[in-house]
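Presented sequentially are two complexes of subunit A, the first with subunit B as partner and the second with subunit C.
On to the complex of A and B.
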């Protein structure tokens, strides 16, 4: 399709949909005044029946736990897809040399950058750990904490350069952490099945509200999700940054005539 | 006293984000830009879901600092947005990889130059 035809088609569709939207907008439920009986039930139930202060976490890992398991596997599939697509074309070889654009100098990170990255790298890691650990009592949870911890990894790359970063980030370790996290989630569901109850039934002791261990199965699932997310994002970072390296095969080809 | 338009403004913002994102996709000249536009289309769903969940005068659905009976916004919508964001991030990563591969194989990053894959 020609770009002009496509734009014309879009504008025609927009012109058609616009009056309908303008007519419909004032009849939408008013902002901030929308009945949601399901939310009312959950808000009343979570602190009492689950001893959990963060209702979002209770929904995520308990009431809608099975949906989150699906979400977990979407993450797993996407990371697997990225790994297969990139590694398949690049091969298993690794190189610690930076891919260099001709005429552009390679500047090592300055001391100030290293210092700041080290300070903030540790701080980000601790913040991520805290956000993940306090999933049932304060805002946050495994997904947010996992992403924060993985961002800390990127700060290590910024400060230490690629070689130092790769010494820390072992692809096998990230693989194992991610898979173990997903496995913990699946295994948590089987605890209920073992007792003859539906999958993902929360049968562990619920603990006191406000503590890190409140919520029975939730802290365990939360730990699994944290591992899966930080492993998954760590894996994504490794695969994408590997793309900026010199391909060892190509390197041999170019260096062969010199010797 | 807020105007009556505040009642439907969030829906209009969501529709606007969806529209501009879609226009960006159809007029895009670079695949990375196209994926950015797709993210904007998706952010329309964040605005929509969080607006549905909002309740006037209500606090967060986290009862750490205040007692459980306090009015709170809809936590179901917040969970859906969380799922939305995670799925969005992973799909973006996957699409970026496809762009990388496409660029490696064909040397093209402009969707308008790319012939249909056979």
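On to the complex of A and C.
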């Protein structure tokens, strides 16, 4: 599409949508106002009902646990899809050379970058672990903790380069951690079924509020989600960063005519 | 006040993403936009959302785009060379 046609199309669409927007704007709820009574009720009842201070975790892993199970499997399916699509072409060998575009140097990480990445990598890992462990008492939870730990993996890549990073990232281990996490979640649901109650019923003792173990099933599900998320993101990073390596077979193809 | 500043910054960086032409620079702009969004979540007292946003929006997503761009560039150069050969 030519830029002029595109601009004309945009202006026409904007002219059409503008009156509706202008009419709707004054009727928006005020900033910070939420018209749902459900939120107030859950905020009041969850600490008493479930011995949990972080109501978001209670919603995710208990009241709406089944929705989160679905999300869990969306992540699992997405990572599986990426793995199926990207596996096999490049970077299968751990020592594969960095792909290079002519006229562009491959610069190894500088000493300062390595130092900063080492310091912050450890700090990020500890922060992620803490956020995941204290899911029921402070903001955050399995997903946030999992992605924080996974971003620590990226800092290792930044500081140590691809080879050092791949020495740490074992694809088989990431696969296993991700699958085990998802299995733990599914298994937690079956605890209730075994007692003749609906799937994912929270029947474990709820414990004292404020402790890491408060919330009955929630800390167990939370641990499962943490593993699944960090394994999933780890897998994703491995599959994508493998694409920056040279495929040894293709390399022979292109190197041959030079000689 | 802080929230107002962050909202304006969000609009500015978002416009920056839309107006950037080169893909590599656009990825950096996207990261800046994600960082401002994470700060806004923090200012709105949603640190858990901010954690997820800062990792996904400023580290994971830009990295995936960078890898895709690098991979495309490697492929393009290889095709160029093949064409030059024949």
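We adopt the following convention: the second predicted complex is superposed on the first by the 230 of 259 C-alpha atoms of A that agree within 3 Å, B and C clash if a C-alpha of one lies under 4 Å from a C-alpha of the other, contacts with A are read in each partner's own complex, and residues count from 1 in each chain.
The criterion applied here is as follows: a residue touches a chain if its C-beta (ideal position, glycine included) is under 8 Å from a C-beta of that chain, and two chains touch if they have at least 3 such contacts.
Small disclaimer: the values here were computed from a predicted structure and weren't measured.
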* After lining up the shared chain so the two structures overlap, which partner does A:16 touch, if you call subunit B first and subunit C second: first, second, both or neither? -> neither
* Asked: Now for A:151: first (subunit B), second (subunit C), both, or neither, which partner does it touch?
  -> second
* Which of the two partners, first being subunit B and second being subunit C, lies in contact with A:244: first, second, both, or neither? -> second
* **Which superposed partner A:143 touches (first subunit B, second subunit C, both, neither)** => both
* Could you look at A:25 and tell me whether it touches subunit B, subunit C, both or neither (first, second, both, neither)? => first
* Asked: Now for A:198: first (subunit B), second (subunit C), both, or neither, which partner does it touch?
  -> neither
* Asked: Looking at the overlay, does A:56 come into contact with subunit B only (first), subunit C only (second), both, or neither?
  -> both
* Could you tell me if A:131 is touching subunit B, subunit C, both of them or neither one (first, second, both, neither)? => second
* Of the two partners subunit B and subunit C, indicate the one touching more residues belonging to subunit A. => B
* Find the residues of subunit A that appear in the contact set with subunit B and again in the contact set with subunit C. => 56, 139, 141, 143, 147, 236, 240, 243
* Structure fact -> In the complex, subunit A touches subunit C at residues 56, 90, 99-102, 131, 139-141, 143-144, 147-148, 150-151, 154, 233, 236-237, 240-241, 243-244, 246, 250, 254, 257
* Structure fact -> In their shared complex, subunit B is touched by residues of subunit A numbered 3, 6-7, 10, 14, 21, 25-26, 28-34, 36, 38-39, 42-44, 47-48, 53-56, 58-60, 64, 67-68, 71, 74-75, 78-79, 81-82, 85-86, 89, 137-139, 141, 143, 147, 210, 229, 232, 236, 239-240, 243
* Asked: What does subunit B use to touch subunit A in their complex?
  -> 4, 6-12, 15, 19, 22-23, 26-27, 51-56, 60-64, 68, 72, 74-79, 82-83, 86-87, 89-91, 93-94, 96-98, 100-101, 104, 112
* For the subunit C and subunit A complex, residues of the former touching the latter -> 46-48, 51-52, 55-56, 59-60, 63-64, 67-68, 70-71, 73-74, 77-78, 81-82, 85
